[in-house]
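Presented sequentially are two complexes of chain A, the first with chain B as partner and the second with chain C.
== the complex of A and B ==
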C-alpha cells in the first residue's frame, strides 16, 4: 500500500509539473516579460509574509466545501450543490448575525449552527428525490444551486438590504457575531482553525464511526452494502445532508470572518473549487487542507502575475484544467506503475525463494 | 526451429498483472497440430491468463508466441482471430436478445446494400452447422435456447471466423453429462478435420477421456507436458496440487428437527415475461443440508434472491422461523439469523476496494461490541478480524490489505468467514466453491457440514453436481422453474439419473415431490 501512495504522489507531482509546463508555453506566447510572469506565478506567493496570510485566508471556505464533497463522493453521490448551500448558509448566518442579538462567542456559534442546519435541510431535496424517485442527484443538485441563489438574492433585496448603501448589501452584522481575526492587521480569521478542526472531525467521522463506514461501503460497492444489511437509502440521504451541513458552515464562517455585511449577489464559486480539491485529495478529508492550500497558492500566484505583468489571472483556469486532466486520467503513467509493480512482485518472489531455501537448509 | 507440426508455441511467458500478481512465470507451452491438448491446474494456477494472452486479451510481460512457426504479436483478439485462433469463454459472450444467426455473424454481417442480409446470415449458420455437425436453430433467440446450444453457437462463431485453433475454457462446467458426451463427440469430429483444440479443465475424468496430451500448471508455472495415456488420475492430481486431495467429506447422518425455512407456492416471472419459478414449495430443517441441483438458469438464482429479499415473488410466501421475509430488508433477515454466500462474490459478497477487515465486519459493524460511544472500537474490530483471518486460513499480509488483491479462493474465504461466524440459523450457500482451488473448496465444505451438524439449516445451491451430491443430506432437482425430483437420501443416486431429471427427461410424481415440504 505504501508503494501505491508513493506512486500517487509521483503521479500528482508529474501532473502539476506538466500543467506548469503548459502554462509556461502560453506565458511565453502572450507575454512580453515571460520570466517575470513566471517568477510572480511560482515564487511570488512566497516572497512576502502577507501573501502567506492571504493564501491561508482564501483557503477557509474551500476547505469546508471540499470536505462536504469528500463525504458525498465517497458514497458515489455526485451532488454539486455545495455552491448553493454555501451561499445560502452565508445568507442565513448573516440574518442571524444582524437580527438576533446575543452575547459574544455564543452569537457566532448560533449563527454557524443555524446556517449549517438550514443548508443541510436544503440538501434533503436532491437526496430525497434520489432515494424516493430515482432522480439523478447531479442534475437536481445543479438546479438547486440556482434556486438557492435566486431565493437568497430575493431575500437580500426585499428583506435585508440596507437602503442607505450605494449597492445592494445587508445591514451591518452585530459585533458579537463577527469571527475575530487570528493574525493582527490581516483578514485571516479564526475561521482557519475551525476549518482545520472540522477536517479532523470529518476524517474521524469517515474512518472511525459506523456512519462513515456505511457511507464508504455504499460508495465502494452498493450491492454489497445492501446485501450486508446496510441501509443504503438512509446512507445516501445522510451523506448529502452532511455535505450540505459542511458547506453551509463554510458559508457562515466565510461571511462572519471576512465581511461586515452580506454582499454576495452571485454564487461565489467556492463550491466548484470544493469539487476540484476533493478530486485532488482523492476524496480523503485528511488531504483536503493541503489541496486547498495548493489551490489558494495558485490563485495568489495568478493574481500577482496579473498585477505585476501583462498575463491575465485567467491563466489559472488553464493550469487547473491541465492538472485535472492528468489527475483524472487513470492511464497516465500506468506503464511506470506497471514497472514498479513488476519490480515489487519479483522482489517478493525472490524473498520467498530465499526463505524457502533457508527452511530447506534448516531441515 | 520451424517445426511445422507445432501449431502453438509459447516460450518463456511471464505475466505480471497491474495489481502485482505474477500469474505466469516463464511458462513454456506447445501444442501439436490436430491434437486435443488439455491445460490443467487449480484455479489461480494461471491457465486462464496464459490463454488470454494466446487470444490477445492480455499481453505477456516477457516471452514470445509462435503460431504455425511464425512469431506473432497478439495485440488484440482481432489479431488472434486473423491468425486462426478462436476462444470459447466459460461465460458465454452472446447477445441474448438477438437470434442465433445474428450472433454468429455479429461484427462481420453480410450486407445487401445498406442493410444486413439476414437470409445470408442464416445460410452461413446452416452451412457451418452441417459441416461441423453442430445442430443449432438459426432463428431462435439466444435467451430462449438451452445452455448446451449456446455453447454450440459460441463454437460456431469461432469456426465461422476461420478458427483452426480452438481454445475451450472449462466447456463442461455448465453442461449435464449427456450434453458433455455430445460435446466430446463433436470435439473428436473437429480433430479429425484437422483442427487443434486446447481444452481447459480441472475435471480429471474428462481429461482422461478425451485428450491426447496435457500441460499441467501450478502456481503460475508449468509442471510439464504429459501423454494422457501415461499418467494416472492420481498422478495428475498430485501434479496439480502437490498432494493427494481427498474430496470426500466425512459427515454423520443428519437428524433434522424443526423447520427453519418454509417456501410455499412461489411464482415468479422475469422481465422478459419468462416464467422462472412455477409453484415452488419446500422446507429446510435444522441440522440438514438440502441441496438444489439443476442446470443453471432453471430458477435457482431467482429463488435465492427472493430468500434474501433482493426481489419480491409474484405470489407465494417465504418464512424463516415463522416470520415473513418478503419486503423486510436484508438487515431484518440477517437479524433472524440468516446468512448468505452469494453466487457472485465480487458483486454481492465483497467490496473489492475495501480492506479485508472492512469486509469482515460489514454485517455486524453496528453492534455494540464494535462501538464505543460514537466511535468504532478499533481494538475490538482488529481483534475480531485477526481472529477470523486466523480461523479461516485467509492468506494475506494483514487485515488492511485490499480484498481484490487476494486470489479467488481467499476472497471466498473472507465471505465465508463473515457469513459463518455470525452464529447463523439458516445458511443459504449459492455456489459456495465456484472457481476456487481445491484446498479452499475442501475447507469450505467441511465448515458447512460442521455448522449443519451443530444445528444450522443449510440450503445448498450448486451447479457442480459432485458438490451437491456429496454434501447434501437430501436433494431436490430444479428444471424449468419447478421441483422435478426430491431424494431423501443422496447416497444411492447416479450421475446419469440426475442428468435425466436435470434435463427434464424424467420427473417424479407430485406426491413424491411433495415430500420435500415438511409442514
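== the complex of A and C ==
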C-alpha cells in the first residue's frame, strides 16, 4: 500500500516534469528571452507575497468544481456540466444579492443556498435522463453547459443589465451580500475558508457516510453495489445533484467574493479546471485544495510570463493538457512499478529466508 | 409571425442554409460513427475541429493554397486523433479523459499558436487565408427551385454527403469495416480470430480524425473565412449526440445531423423575427437534449418489448 503511494507520487512528479519539459521546449523555440520566461513561469509566483494571495484567490472556484467532479467521477458518472452550473450558480447568487434585501451574513448565506439549490436542480436533467431513460449523461451535460450559458446571458441582458454602464453587466450587489475580504488590501475573500470547509465536509461525506460509500461502490462495481442492496439509480442521481450543488456554490462564492456586479458573458472555464484538478487529486477530495493550489500557481506563472516576456499565457492549456494526459495514464511508468513490486517481493523473500536461516541455526 | 416562419422555412435560401450548417456537424458525426463502431468514444472531436480549423487557416495563408490548407488540416486531425489513441490504448488513459485533454488543447492551444503566428488573440485577421471553392453543378443549377437549393455549395459540403456513402461502404462492404465492427462489438472475439484489436482501433481513430479535420477546415475555410476563438461552439459535442441518435449508422446519423442543421438554421432565422438572440442560440442545444431523451426512451421501450 505504501509502495503504491510512493509510486503514485513519483509518477505524478514525472508527469509534471514532463509537462514542464514540453513547456521548456516551446519556450526555447518561440521566446527571445527563454530564461527570463522560465524564471517567471516557475519561480515568479513565489517572488512576491501579493502573488501568493492571487494564487489563493484564484483557487477558490476550482476547489468547488474539483470537489463536484470528484464526487461524480467516483461514481463513474462522466458529468461535465460543472462549467454551466458554476456559471448559472453565480448568476442566481447575483440576482439574490441585488434584488432581495436582507441583513448581513444571512444575505450571503441565502444567496449561496439558493444558487446551490438551483444548480443542483439543473443537474437533475442529465441525472434523470441517465437513470430513467439510459441517455448518456456526458452528452446531455455538455449540452446543458451551453443551455445554461445562453439562458444566463439572456437573463443578464434582458432582465438584470444596468443600462448606465458601458459594457453589459448587472446592477451593483447590495453590500450585505458581498463576501468580505480575508486579507486586507487584497481580493482574497473568506471564500477560501468556505472552500476548505467544504473540502472537509465532502471528504467526510465520501468516506464516513453510507451515501458516500454507496457512491464509491457504484463507481467501483455497479453490479456488486446492486446485489448488495445499494439503490444504484438513486445513487447516480445523488452524486450528480451533489456535483451541481458544489459547482453552483462555487459560482456564488466566486461572484460574491470577487466581483461587485455580475459580468460573465462566457463560460469562465472553471468547470474544466475542476476536471483537471480532480484527475490530479485522483478523485480524492482531501487532495483537491493541493491540486487547486498547484493549478492556480501554474496560472499565475503563465500570467507573469505573459506580462514580463513574449510568451503568451495560453501556454497554460498546453502544460495542463500534458499533465492531465500523463496523470490519467494508468500504464505510464508501469514498467517501473513492476520493478518496484518485484524488488519489494525479493526483499521480503530474502528477509524470510534470513529469518528461516536464523531459526534453523537456533534449532 | 407563424406565416412569416412558414414563409422562411419554405424559402430556397433557408433550405440551402440547412445543408451549409449541417456540413461541419455531419463530418464530426461521421467521425464519431467510425470511432464508436470500433469501440472507442472520441469526445475530442471538438478539440480536433478547432485544431484543424486553425491549421487550415495558417497553412492556406502561408502556402497560398486552400487545398494544401485542407490537406494539413486533415493531417493534423489524424495526428491529434492518433495521440488520443496512443494515450488511451498504449498508456491506458481513460479515453474520455484523453478526449477532454485534446479539447483543452483545442481551446487554449489554438489561441497560443495563433498568437505566435499572427500576433492576434481573437481571430485571424492578419492571415490572408484561402477559402475552399463553391461549386455550381451544371444542368442542376438551371432547374428552378432545386438549382438554388442544391447547387452552389462549398465543395466540402458535397464531400460531407459523399462521405456518408463512403463510410457506409467502408463499414458494410469492406473487410476493414467488418473488422472495425467486430472489434467494436466484441474485442475478445475479434482478437481470438487473429484481428489486431489495437491496430483496428488506431485506424478507426485516424479516420475519425481525418473526418473531424475536414469538419474543422470547413469551419474556417468555408462556413467562415477566418479562424475565431471558440468557433466550433460545441459542434463536436452536438455531433456526438447526432451519432447517438443515429444509432452509429451512417445514414441515420446523416438524418439526425440534418435535423440539427435544421434546428440551427431555424434558430438563425427566428432571430430576424425579433426573438432574443440568446434564447435563439439556445434552441439547438435544447433540441439536442430533447432528441436524445426521445431516442433513449424509444430504445428503452423496444428493449422492454423484446424482453416480453
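The definition used in the following text is that the second predicted complex is superposed on the first by the 349 of 363 C-alpha atoms of A that agree within 3 Å, B and C clash if a C-alpha of one lies under 4 Å from a C-alpha of the other, contacts with A are read in each partner's own complex, and residues count from 1 in each chain.
We take it that a residue touches a chain if its C-beta (ideal position, glycine included) is under 8 Å from a C-beta of that chain, and two chains touch if they have at least 3 such contacts.
Please read these numbers as outputs of a predicted model, since none were measured by experiment.
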Contacts of A:208 with chain B and chain C, given as first, second, both or neither: first
Chain C versus chain B, contacts on chain A by residue: C
Which superposed partner A:337 touches (first chain B, second chain C, both, neither): first
Which superposed partner A:227 touches (first chain B, second chain C, both, neither): first
Which of chain B and chain C A:157 touches, first, second, both or neither: second
Partner chain in contact with A:139 - chain B first, chain C second, else both or neither: second
Touching partner for A:307 - first (chain B), second (chain C), both, neither: neither
Residue numbers on chain A that touch chain C, as the complex places them: 30, 78, 80, 125, 129, 133-136, 138-140, 142-147, 150-151, 153-154, 157-158, 272, 275-276, 279, 312, 314-318, 320-321, 324-326, 328-332
Touch list for chain A against partner chain B, complex: 1, 204, 208-210, 213-214, 216-217, 220-221, 223-231, 334, 337-338, 341-342, 344-346, 348-349
Touching residues on chain B, where the partner in the complex is chain A: 16-22, 25, 61, 308, 310, 329-331, 333-334, 340, 342, 347-354, 358, 361-363, 365-366, 370-371, 374-376, 378, 400-402
Complex contact set, residues of chain C against chain A: 43, 87, 90-94, 96-98, 100-105, 107-109, 111-112, 115-116, 121, 233-234, 237-238, 240-241, 244, 276, 278-279, 281-282, 285-286, 288-289, 292-293, 295-297, 299-300
